[in-house]
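Below: a set of structures, written as structure tokens.
There are two complexes below, and they share chain A, which is joined by chain B in the first and by chain C in the second.
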Partner chain A sequence: MNPALHVEDLRMVMPSADGGVELLRGVSFSVAQGEAVGIVGESGSGKTLTLRASIGLVPPGASVSGRVRIDGESVLDLSGRPLARLRRDKAGMVFQDPHAAINPVYRVADFLTEPWRRAPRQERTAAAARARQLLTRCQIADPARVLSSFPHQLSGGMLQRVMIAAAMMHDPGVLLADEPTTALDVTTQSEVLALMNEVRAERGASLVLITHDIGVVAAICDRILVMYRGRIVEELTPAQLYAGEISEPYTEALLSCRPDVTHRRDRLPVVAAGAFDERYAD
Partner chain B sequence: MQTDDATPALWVEHLCKTFFPGTRLRPPTPVVAVDDVSFELPQRSTLAVVGESGSGKTTLARMLMGLESPTSGSIECFGAPLSVRTARDRRAHARSIQMVFQNPYRSLDPRQKVGASIEEVLKLHTPLSRTERHQRARELFRLVRLDPRLLESLPSNLSGGQRQRVCIARALACEARTIVFDEAVAALDVLVQAQVLNLLADVQAETHVSYLFVTHDLAVVRQVADDLVVMKAGRIVEAGRVDAVLDAPEHPYTRRLLDAVPRPGWTPGVAAYAASRG
Partner chain C sequence: MSAVLPAGQAPAILRNSRLGFWFFAGTSVALVAVALLAPVLAPHDPNAGDVLQVLQPPSPEHPLGTDASGRDLLSRLIYGSRTALLGPLVVVVVATSTGTALGVLGAWRRGWVDSLVGRVFDLVFSFPSMLLALLFVAVMSPGLTTAALAVSIAFIPAIGRLVRASALREVNEPYVQALQTQGFGPVYICTRHVLPNLWPVILAQVTTSFGYAMVELAGVSFLGLGVQEPTADWGKMIQTGQGSIVRGYPQESLYAGIVLVVAVVCFISLGDILTARTNGRRG
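Up next is the complex of A and B:
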């Protein structure tokens, strides 16, 4: 069986005056069908770049090498229509800030059914019905009102549910989520995470979840990948994480510098910028 | 202004705010955003205001800053009633209380170099000369662990975490005695957040500043705050010392917030669903 997402030796270099900055330095991982994988790391570790490159979204000017396969198709070799089709049918994406990622001048109904704008009437009606059904599934109490609203009329948590519904419209094999709950408050976060996980598990889709909160990842993922400076430095399961079976000091640092809700610490441990550069140099 | 150490940095009593949103098609309907809120922020201490989206925390912060006018109730800063009627009042108020906003992408002028935005505050509020201002901006940057070379950058060239530290440096610039943080550390990644929280603790130890933290992150609350008020639908449902409230929450809403914090064995949503059903 093909993995839902397979990334092999992904490298990305951004040319600059003094040669070029290596943004990704050989990222390889594989996500099996139905599996949930979390990627954690500090800002600038390349987690978002990896996720975006997996659907062929590469920053302008960057040169990319390596292989990315979604459901057997080589993403980096595609462009134009075939790439658009792959993004539409096989990979759903949930971005961090729903207000920035959803077209502000479309009503939610039109946003959700945009891919079917030119489809035959029968398919359009089916898509509209599916949109309504997905919104209901996403715990939206009054789908009719939400469907006829503009994005600015909805709260962040509500709109994030709309984005999850949008990502699931085509029943993709893999759901990619980039910090989907960072902009939400804790109770909404826990609801949105639960929902995202249930909806994708029901349909057997895989999940790649990016966040800087290692606690969130550990709660819903089967495996955790830790990234630092453009490469994966450790891979572990939530059980290993909680049992303290951590082999890399960077993972340890990520875990230990979080404030703890159960007790106050005198000072939070601080990691100096570049403290791990030597350890994880080439 | 005569103040002694016992005068609270902020004193709020029976504060209410009602909005009347309406559209062309819908008549204005009153929305009570803040409902009879009273609390006190002693000098040199940190108060956290927690609650979910829509609980009125941001409206409360904006009233403290003089950005919204209260419908009723009173606010006192160091014993003096808050007044922002004239430009002079507003400037004096800004000198005593500063705010760090939630979204670092919208709270800096995209066309102004970040160094200039800090020097502008210094020019407005301090008698420093141009070279002294420049010097002070470099110091502030070092204080928030930013490379002073970044002073010449535009906000668009900085990451979210870097921008938020610029905003914190700007809030510290005129040595305000109170700083309000509206979800200001939520956007930072954990490593930077740890640095910023330590930094704020250091600044407080050195300068006697008071902090008001508006946040939904209870782990951050435990780390930085002395006192805590929990808001729900505009009202305070629970208040007290942080350790007391978080160790033995009395209100079900506080318990629900605590249950939503990720921890070993935690399953997202279950607690929240249970609470909304029960």
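Up next is the complex of A and C:
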């Protein structure tokens, strides 16, 4: 069986006056079908770049090398229509801020069924029914009202559920979530995360979840990848994390920066810039 | 565009209030109605002259008098509104569609395409629009269509730059990236998603351009390169009335000038109000 997502030696260089900045320095990982993988790391470590590159979204001007396969198809070799079809059918993406990621001028119903806008009537009706069903599954009490609402009329939590439903409309093999709960308030965060995980697990989709919150990753992911400066420095299971079986000093440092309700500390430590550069140099 | 009229010179009460919007919008709609209903409203055939009735003062028969050919001035003013509105309409349709397409293209593709489009805009911008229009009309043949096309070309950069700037902000919104990840193509995203978000900006610019295009076209007609005799046109009327002014009959040029100024001020002020509204909403 093909892995849902396979990334091998992914490198990305942004050209600059003095030769170029290496944004990704050989990222390799594989996500089995139905598996949930979390990626953690500080800002600028390349988490989002990795996720976007895995569906062929590369910042303008950057040069990419390596291999990315989604369900056996080589993403970086595709362009135009085949790439668009792959993005649509095989991957679903959930963005950080749902209010920014949905065009404000259309209603939720239009947003969910947009890919079927020019499809035959029968398929359109089927898509509308599926949208309603997915919204209900995403614990939206009154799907009819939400479908006829504009994005600004819904709360962040509500709209993120809509976004999850949208990502699942095509029954993708892999769900990519880029800090899906950062824009939400704390009580909604765990609800939305749990929901997203349930919905994708029911349909057998894999999950790649990016977050700053190691606790969240440990709760719902099968594996945790720790990224630092454009590469994966450590791979852990939640069990190892809980047991403190951590081998890399960067991961230790990252963990020590979390607030902890059981120990009172006056000031949270931070990972000093460049503190680990030498250890993780090429 | 040439600064024929300084923008935003309407009295403050009309500029700032809801009243102003309805005043200018109402007058503009009335103008359109007059143009549409010209055959019903005009008391005479605008082109029928009567050599025995030249340069008549106002009378029940001719409410505004007659011109040097004995044609009814009111009828000519009413029919003149047709060319006065049709010309700018052609200009804004051609200039807006071309300018918008080029602006969005530049904003989407960036890189060399954007630079090329930008430099072409600069090039067209660097010529005074009247000069460009005269050049074009001189090479082609005089007439309303040629004049309107010529002025359109001169108007493309203004709208193109505005659309590019607004589109640039829009295409960097996360929702555009989200649409890409959903597998929608660039043309689809631009036409169905980016454009609807640009409408307020485009609409405001269109209304202002309409007013400026009216002045510009009247100018071309005045110079004899736009609308040709005997078709009634305000710019043309100002010109043909010149001869009568020195003979002590200023009415033809005067009336045509007044309606032209009123119409232009209306459209430009309406455009200013719409621009202020879009800015207020976005800023």
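The rule is short, and it goes like this: the second predicted complex is superposed on the first by the 280 of 282 C-alpha atoms of A that agree within 3 Å, B and C clash if a C-alpha of one lies under 4 Å from a C-alpha of the other, contacts with A are read in each partner's own complex, and residues count from 1 in each chain.
As a working rule, a residue touches a chain if its C-beta (ideal position, glycine included) is under 8 Å from a C-beta of that chain, and two chains touch if they have at least 3 such contacts.
What you see is a predicted model; the values in this text were computed from it and never measured.
Asker: Does the superposition put A:E114 against chain B (first), chain C (second), both, or neither?
Answerer: second
Asker: After lining up the shared chain so the two structures overlap, which partner does A:D89 touch, if you call chain B first and chain C second: first, second, both or neither?
Answerer: second
Asker: Using the touch definition from the top, say if A:V105 reaches chain B (first), chain C (second), both or neither.
Answerer: second
Asker: Between chain B and chain C, whom does A:D185 touch in the aligned arrangement: first, second, both, or neither?
Answerer: First partner only, chain B.
Asker: According to the stated criteria, A:R67 is in contact with first (chain B), second (chain C), both, or neither; which is it?
Answerer: Touch status of A:R67: no partner.
Asker: Who contacts more of chain A, chain B or chain C?
Answerer: The partner making contact with more of chain A's residues is B.
Asker: Can you check the complex and tell me which residues of chain C touch chain A?
Answerer: Those in contact with chain A are residues 110-111, 173-175, 177-185, 193, 196-197.
Asker: So in the complex, the part of chain B that touches chain A is made up of which residues?
Answerer: Touching chain A from chain B are residues 52-54, 145, 159-161, 186-187, 189-195, 197-198, 201, 216-220, 222-224, 242-243, 246, 256-258, 260-273.
Asker: Inside the complex, what are the residues of chain A that reach chain B?
Answerer: Residue list for chain A touching chain B: 42-44, 155-157, 182, 184-191, 193-195, 197, 212-216, 218-220, 242, 253-254, 257-265, 267-271, 273.
Asker: In their complex, what parts of chain A are in touch with chain C?
Answerer: So the residues of chain A touching chain C come out as 55, 57, 60, 81, 83-89, 91, 93, 95-97, 100-105, 114-115, 166.
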